[in-house]
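In this document, chain identifiers A, B and C correspond to the written order of the chains, with residue numbering beginning at 1 in each.
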Amino acid sequence: MTDERSLTYVQAFTEAVRLEMDADPDVFIAGEDVGAHGGVFHTFDGIQKEFGERRAVDTPISEQAIIGLGIGAAVAGLRPIVDLMFMDFVLVAADQIANQAAKLKYMFGGTATVPLTITTTGGAGLSAAAQHSQSLEALFCHIPGIKVIYPSTPYDVKGLMSASVRDDNPTLFVLHKRMLGTRAGPVPEERYQVPLGVANVSRQGKDVTIVSWGKTAVDSLAAAEQLAVDGIDAEVIDLRTLSPLDIDAVVASVRTTNRVVVAHEAVRFGGFGAEVAAQIQEHAFDYLDAPVGRVAAPYSPVPFTPALEQRYVPDSHSIAAGVRATMARPLLGG
Amino acid sequence: MPKLGLTMEEATIIEWLVADGSTVEADQPIVLIETDKTESEVGSPGGGRLHQIGRPGDVFPCGQRIALLLAEGERPPTSTSTAPTTASTPAAAPRSPAAPPSAAGTPTIGGRILASPNARRVAAERGVRLSTVRGSGPGGRIVSEDVPEVPFVGAADRTSEIPPLATFAARTLADLLGVDLTEVSVDPIDQRVTREGVAAYVRSLLQQLASPPRSSPGALVASMPLLQQPTEVIKLSGMRGTIARRMHASLQETAQLTLTMDADMTAVLADRAERSAGGTTAPSITDYVVAATARALAMNPRLNAQVTEAGINLLPNVHVGLAVAVDDGLLVPVVRDAAQRRLADLAAETKRLADGARRGQLSPADLEGGTFSVSSLGTFGVDMFTPVINPPNAGILGVGRLRDDVVVADGAVTSVKRLTLSLTWDHRVVDGVPAADFCRTIVDLLAAPARLDSRDER
Amino acid sequence: MDLTREQHLAMHRSMVRIRLFEEAAGSLMEQGKMPGFLHLYVGQEAVAVGVCEALRVDDFLTSTHRGHGHLVAKGGDLPRMMAELMGKATGYCGGKGGSMHINDLSLGMLGANGVVGAGVPIAVGAGFRNKYVGSDQVSVAFFGDAATNIGAFHEAANMACALHLPVVFVCEHNKYGEYTPTDRTMLIADVVDRAAGYGMPGVIVDGMDVIAVYAATSEAVERARRGEGPTLVEAKTYRFYNHHGIQNLGLKYRPDEEVVAWKERDPIFSFEQRIVESGVASREVLDATWAELRTAIDEAIVFADESPFPDEDQLLAGVFTESAHP
């Protein structure tokens, strides 16, 4: 009988790490403050205690070298998990991630294998200001050779993290830093995987599709409840994996609802929602009753002061408003 | 409304021959109609309960529904708009400027109905015409929810009800002047009628009133039903289309007529023989005519003219076009400064142009700027014809067949070589006497070909 | 240092192989028979060979954009190398990488690299792996003098020292970073001055003397194998040709006297002189090596010429590894 136990988002992550390190001696973690401190977000609590310093390594503050360490170890036969504390710092390590890790297999003609998992936390809403609050997933979706994962529930965190570690490709695994303490449903004790590249319909509906990921996927569910009060039945799709993109799931939904809004926390201009919207209109043009809507952050760095940051980040209300705009039928007063 | 004759376009319902709601059989006469020629009974296309839509006195165009045949138990649709057209109903008068387009029914942009892709797909599946649907989406866009499950029977095509898209200023001006907005062209960028557009329309109307009345320009092609199914349709495009349009326009827009005059070619032939004997290639008969025409134009500047709104513009330079037959068409390359060329040079130029025309190698510069044209059908056995002026010239000279003829002079009969010149000229520019003088000049020049080899005599 | 006759001849052979390969490749490129551009190792042969002679087959190394020499020295297959430079399907990377990504994972040669200094963190990662699994394998990072100015080098050097990893950092100090003399872009003349900054020993060695390189590297490698951490070996050397290609492109960024002076210290010819003068082997033996390797190069070129280009279906292949290891 499965225990209906719940874990927080971050606890589910740690559990996945622990189970993977337990299952495979080639798995280790490396990063800033991940060993003795257990990670600034408690992502790696208890790992070094359980597995020792050899397998839970505190590195200097050297993002390029951290990723390089992961690449070299991976090519030489290990299965590293390397951590970049804030998603913003992927830019510091961009050469190693984009020019080296993502491309090694291809440039070497397919001979190399780089089973490297890069973990990080992203997102705004904690007054961490512009350089510690970004959502940069679009940048790496754009680089062939790296997979981008962004779960929104503890269950998915654990299953997708296991799958990312076991996947033989470089994967960028993003946790939303505002979700770390949230609980949402049971998380099985055993080791399991959620497949990469498969979206989840977290709420079924018939009037409109909301496509999202990360924290915004959770806010979309709240938005759906608000909309339901007004008789709008929204279907919510949580992509879970951004690259490779499960466009089939989205298209199947849009073909029945005929209206769709993509919601994400990243900046609207050039955000990953643009790719989703482009693919939707490619595959479901004749099924659209309205243009694909996007609810996302405006074109500015993340402001520090809460008064502005609250306006910056999409929430359930702005998502619901975006849906209403897409549903609008003025002649009926709607 | 059936089409009972080739030229039948509409008919009036005189009376229904059976009561509304009665059951009828196929071919049973159900209604009496009248066309502009006769009265006819119309038989039912099938069996069923008759549901009349048209009323006696209504006029329906052929093809529009005048009644329904319902199956047993089937109810007639609730929508009852019938929209029979009475003869020449004016299009919707300009509305009050306050009415926004979205409230008026099917929204259009530049004539295109605003509808979502999904609405179009659903409408196509259901056989619903978008012009019959009112849109509830933003901007009046038709969304799929607006498309009914089945087409409204007899629903009016709303495009006829839609007032033309126009600016407030346009509507105000149109109201003031009594202009029908549907007559005014839509601004291509703005995609609606503008105040400037209304003003331009009125100005053109005023111009038409001021200039000499002419029969309405009319379309290039009169619209009449086909007599038979054609074996081939040759498009009026490309060179064919250009010729069709220009010749048609020429006859519509000028007051052209033709006179003929014979020219004695004995001297020309002698001159030709002399040149040949001298070892050079002799100019053709047509070359002599072109040379004579050019010099005659130099001496009669009134014929080297172009009519514009300003008046008769006398053009200083004489460029003579020469009609050249090419594959399924004709081109008129231009000999520039024809009056200033010596005969050999002019002959070389006409050869270059004719060869180039036949090979399709002429440049645009070779084909434009002609102030007068010469067209020869003589080699095809034609003596005289009525050539059509090549717009915007004031005249064209047709050249006929070189023939043996007899003259009586002082009681003696001699044979001469003659051809007929056919001069078509625009009576707006010159009258008959000056035209005849001009033609006489050409004839005189041909009788003294030495004068064709000197520089022009102006 | 006592080396056997076999070792002498092996190192000589390796250097000649590099020299002939580079000359041939450079000439083919400048005739337009190779796509892209090549960075030639001619003049620096003693460094690659001296270092690799101190390594085992199961030791790792990462290389630079000037990487042919390292792959040859590690035991690379000439036909497959030539085919890769020509972009053929039979090349080391199936034609998908070219000169700057040439590699042989089975020899532990983890690739040349198109980004300056980017291979150094990767070598450190391989060194981490060696320590992690408890093996005495070592990892060598090759880089140039100018590369020590890039952030990735600094991070990697520090990381290797802080984590006490079995890495040997080999600096091929050829006095130039692309077209700019390094004495204009950093104030220290000896890169080893930085070694102390990371907490590792540094040693300068004559990069034109293959035996000296071998000796210094052997020491560093043994230190690493014993778990005593990284060493920085700075080999003073010189590339005889341009940053890329052979011709100087009419650019005069190196004084003629300088080039001439270094050429007089040609690593191969001076080694040959030593071999012959010390009686280790005769001139004929050495000449025979040259002849034999010339033939091998020719055969490699023929192999590459006759090999096909990759099919179009290779364009999208190899972006991801399809399998996972559940």
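Everything that follows uses one rule, which is that a residue touches a chain if its C-beta (ideal position, glycine included) is under 8 Å from a C-beta of that chain, and two chains touch if they have at least 3 such contacts.
Small disclaimer: the values here were computed from a predicted structure and weren't measured.
Undergrad: Measuring between Cα centroids, what's the chain most distant from chain B?
TA: C
Undergrad: In terms of Cα-based centroids, which chain occupies the most central position?
TA: A
Undergrad: Between chain A and chain C, what is the gap in Å from one C-alpha centre to the other?
TA: 40
Undergrad: Between chain B and chain C, what distance separates the C-alpha centroids? Give it in angstrom.
TA: About 81 Å separates the centre of chain B from that of chain C.
Undergrad: Determine the centre-to-centre distance between chain A and chain B, using the mean Cα coordinates as centres, and give it in whole Å.
TA: Between these chains, centre-to-centre, one finds 66 Å.
Undergrad: Which bits of chain C are touching chain A when the two form their complex?
TA: 60, 62, 91-97, 101, 103, 105, 110-111, 113-115, 118, 120-130, 132-133, 139, 151-152, 155-156, 158-159, 162-163, 317-321, 323-326
Undergrad: Which residues of chain A touch chain B in their complex?
TA: It is residues 258, 285-290, 328-332, 334 of chain A that touch chain B.
Undergrad: Taking the touch rule as given, give the residues of chain B at its contact with chain A in the complex, in rising order.
TA: Answer in residue numbers: 102, 116-121, 134-138, 140, 143-145.
Undergrad: Where on chain A is chain C touching in the complex?
TA: Those in contact with chain C are residues 28, 30, 54-55, 57, 59-60, 62-78, 80, 95-96, 99-100, 104-113, 115, 144-145, 147, 163, 166-169, 193.
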